[in-house]
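Each of the two complexes below includes chain A, the first together with chain B, the second together with chain C.
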Partner chain A sequence: MPYKFPSEDWIKEYQKAINTSEDYKQSGATWTAGSVCLVVTANPSVGIEKDVGIWLGLHKGVCEEIKLVPLEEAQKAPFVIMGDYSRWKQVVLGELDPVQGMMQGKLKLKGDLPTIVRYVRASQDLVQCASKVDTQFMDE
Partner chain B sequence: MAEITILKEANEIGLAVMLSDLIRQNLDQAPEKIKLFSSLDAKVLIEARDIQITVGLEFKQERLTVSEGFSVKPDLHIIADSTTILDLCLLKIKFGLPYFFDGAGFKVLKKLLARELIIKGLLRHFPTLVKLTKIFSVIRD
Partner chain C sequence: MEGYKNKILEVDLSNFKMDVIDILDEDKKRFIGGSGVAAKLFLDRFNISADPLSPDNPLIVMNGPLTGTTLPGTSRFVACGKSPLTGIWGESACGGNFGAELKMAGWDGIIFKSASEKPCYLLIEDSRCKLLDGSDLWGKDIYQVTDILKARHKDGKQMKVFAIGRAGENRVRFAGIGNDKAHFAGRTGMGALMGSKKLKAIVVRGSGVCEPAMIDEYNTLRRTLIAKVSDSVPAQALRQMGTDSGMDLGMMTNDVPIKNWAYPQDFDLSSNLGGPTLTEKYLTKVHSCYACPVACKRVVRVADGPYRTEEGPGPEYETCCTFGTMIMNKDLAGVIKANELCNRAGIDTISGGAAIAFAYECYEKGTITKQDTDGLELRWGDIDAALKLIEMITERKGIGAILAEGTREAAKLFGKGTDEFLVEVKGLEAPMHDPRGWHGMGLGYAVSTRGACHLQHMTLYIEQGMSAYPETGLKANFKGPKSEEKAEMYLISEDLGGPCNSACLCLFVLGCLSATDFSEMLRVTTGHKDFDVQGLLKSGQRINLLKRTINSILGMKREDDRLPKRILTPLSPKGNAPDIDLMLKEYYALRGLDETGRPKRETLEAAGLKDLI
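Up next is the complex of A and B:
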């Protein structure tokens, strides 16, 4: 059954995918730098009226918490990756590597770069988990 | 305090913003690198060929200017895919030199030998490359 992206159901499936990923368990095993928030910017044409954040409470290779949050809360995360709906759609479909997306300016990153660089593999594995969720996109 | 400026034209290039943030945060977290930064006098071109993005770094008089590139030949020209460029930041420094005998170092060395990583000016500007690697390295002792 496909889950609408982004939605409460989708993020629950995403959390399951992260916590069953052997790759992420390994690449994120030493991550203690705090939460990461993926922000999908508002796009009324696909039904996203306000910026919405997917808050990932990550710790040592486990996603302990996942929730949808408004922008104000999202910005409190130590790491925030922001992009519009079409970019996240490409990411979820595995068409856009998050590192390439950040380097191209398609995704904007806020947070400690040296830490992100040390965990490039983990960020790629996290995204790989998103592509495992059976997803229904709001513009389809 | 190190002065880092991104030229207007490069402001929308993610790689330019990332590299300047990375250097700024590295200098904040490891102030001993400021001396190295200040001593650099070089033009470095970084080309991420998989995403067709080029960024110019000009170190001069204790300042760094980040641009879209140069009209003159740079001292160092680093060509690689985007992930490999970040791999360079994972090099450990041992005895004052980049260390190639661990996982991250060996990966970079292999890419150099396979020409997946090309560094033009490597021999001629080796001391500059070493300084640059130290400034970029995110590995703490």
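Up next is the complex of A and C:
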């Protein structure tokens, strides 16, 4: 059954995918830099009235916590990556590499760039996990 | 047209006579400046068939119209001539502050003809130009000669120095020229050409300014572009981690060559050698070229241990590969030491490091032995042997004398099938981006007019998705290991990169801007309206056709537009390799070349280059 992106059900599936990924377990094994929040900016035309963050409590190769949060809370994460719905859709579909997306300004990053660069493989693996979730996009 | 000083200094080193020449307005419009105009001067005024190390081969140092303005990334200048390494058109751009100072002294460039009998150096203080005895400087390394000359001519504003080291004096064929210790015209052996002229250094101080044509628009544009560059993520990555910021991502995308291009991914190497590690362990300051908000230059120090260094210029990404991944060395301190030795000697760290990795493989395969290496053991992972080889190359001692000829010649001299280990095109060792991960880069290596090159075009940025330039007609989202649609992408990236180099804008800065921004920079600086995006692309086409015509006269044929066998061999059973035949076929059609690789008559006519027919 496909899960609407983003939704409580979708993020639960996403957490499962992360925590069963052997690749992420390895590439994120030394990650102690804190949570990452992926913010989907408001887009009423697809039913997203306000900016919404997907908070990933990542620690040493495990996603310990996942939740949907409003923007104010999202911005408290040490790493915040923001983009509009179409960009995140491309990322989830594996059509846009998130690091390339950040380089091109299609996704905006707040946080320590050297850390992101050092964990570029882990970020790739997190995207792989997202693409494994059976996803229903809100504009389809 | 503004943006130019309308004066090129012509120095005859055989009799110390000097003359002043101008660039034709038509050539400014057609070829912009920098290496574009230098190539035209080379073709028009010199015997291009002369041996590269003979007095008849000129050394041309050129600025572009953007050099010395205060727009971002306008520090660049270029050293050109026939390459001692490749025997074809050679050019090497450099950042730093020399080009801007030369412009402020009132010069668009300098042409050195003939050769001096004794070591000398050129002193320029605005319009006063003198050749001085450089006998006491001969034998000094680049750091020493820079310090001596700055101290010797220290009255007033600090001098800017562009000098060769021992490698240039000894005509090591991949010797470069260093500006103020930290910036290098490294590629194609322009340092050897300078050494062959017994010219040790050029020293310049200028008191003028570089006035743009449209001052109000210029000021507005400058503010906008500085903000835009500063804000861009590639610029932030470069500022925080230098060019080595690309190592970790590159390892993931199969961009990083390992073990002389024969080994697949190794994340242990990239995490030890990449930008974050360089920053955390060795960075003391960041440094910038003239007028650049990016500040990608590193200042580093190895505080203790066997590779201890003073605080000084740090390695670029390319150097972290050639003295790191290419020889499987994961000690970044050793790379920093190697970088310092190369900087002092004036050795291109790409060709020099590639020559050393090539020697390691020859040693591993038994085609050379300890007898050939003066007892040195060349073992993968060992940086100490590489450090000794740098010295041997610099002084042309033992096997160093063979490697100093470049890998193509070294393979001929070693024989025994060592050409299988070569990764060069037209004699220029390939830079550290693996075309098996990025096929468009492979086409760039095959057809670039100076041999395997990643800087004559914008492919690195475009193919890897860091920049898009939709206003040039480029499509987006290219897949790295695919050859389809790459010829068209590459052609546009070449037509954008050529003007960038000729205008003397830093490619990294263009990587943070749009093509429209670049055209605006030229418009407000020169006041010339034809430098819109389409006009720029046309200039890029002309610049490429001009250099290709020179190379055709020098004997380059279609078979020289090629990739080495190693690059055409996948790294693993699941890996792939560029379809170079497909890309070449498409590129030749798009560029309008005949079956020999020469521009067709109608191509030249349509490009406004009848004079090249």
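Keep this in mind: the second predicted complex is superposed on the first by the 140 of 140 C-alpha atoms of A that agree within 3 Å, B and C clash if a C-alpha of one lies under 4 Å from a C-alpha of the other, contacts with A are read in each partner's own complex, and residues count from 1 in each chain.
The criterion applied here is as follows: contacts are C-beta pairs under 8 Å (C-beta built on N, C-alpha and C of every residue); 3 or more make two chains touch, one makes a residue touch a chain.
It should be emphasised that the depicted structure is a prediction, and the values quoted were computed from it without experimental measurement.
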item	value
Fit or clash between chain C and chain B when superposed on chain A	clash
Partner chain(s) touched by A:Q104 [first = chain B, second = chain C, both, neither]	both
Which of chain B and chain C A:E73 touches, first, second, both or neither	neither
First, second, both or neither for A:V117, with chain B first and chain C second	both
First, second, both or neither for A:E95, with chain B first and chain C second	second
Touching both chain B and chain C, residues of chain A	97, 99-100, 102-105, 109, 113-115, 117-118, 120
Chain B to chain A touching residues, read off their complex	12-15, 17-18, 21-22, 25-26, 29, 48, 50-51, 53, 82-83, 86, 89-90, 138-139
Chain C - residues contacting chain A, complex	232-234, 236-237, 240-241, 245, 248-249, 252, 267, 271, 274-276, 279-280, 464-468, 477
Chain A residues touching chain B - in the complex, by the definition given at the top	97, 99-109, 112-115, 117-118, 120
Chain A residues touching chain C - in the complex, by the definition given at the top	95-97, 99-100, 102-105, 109, 113-115, 117-118, 120-121, 124
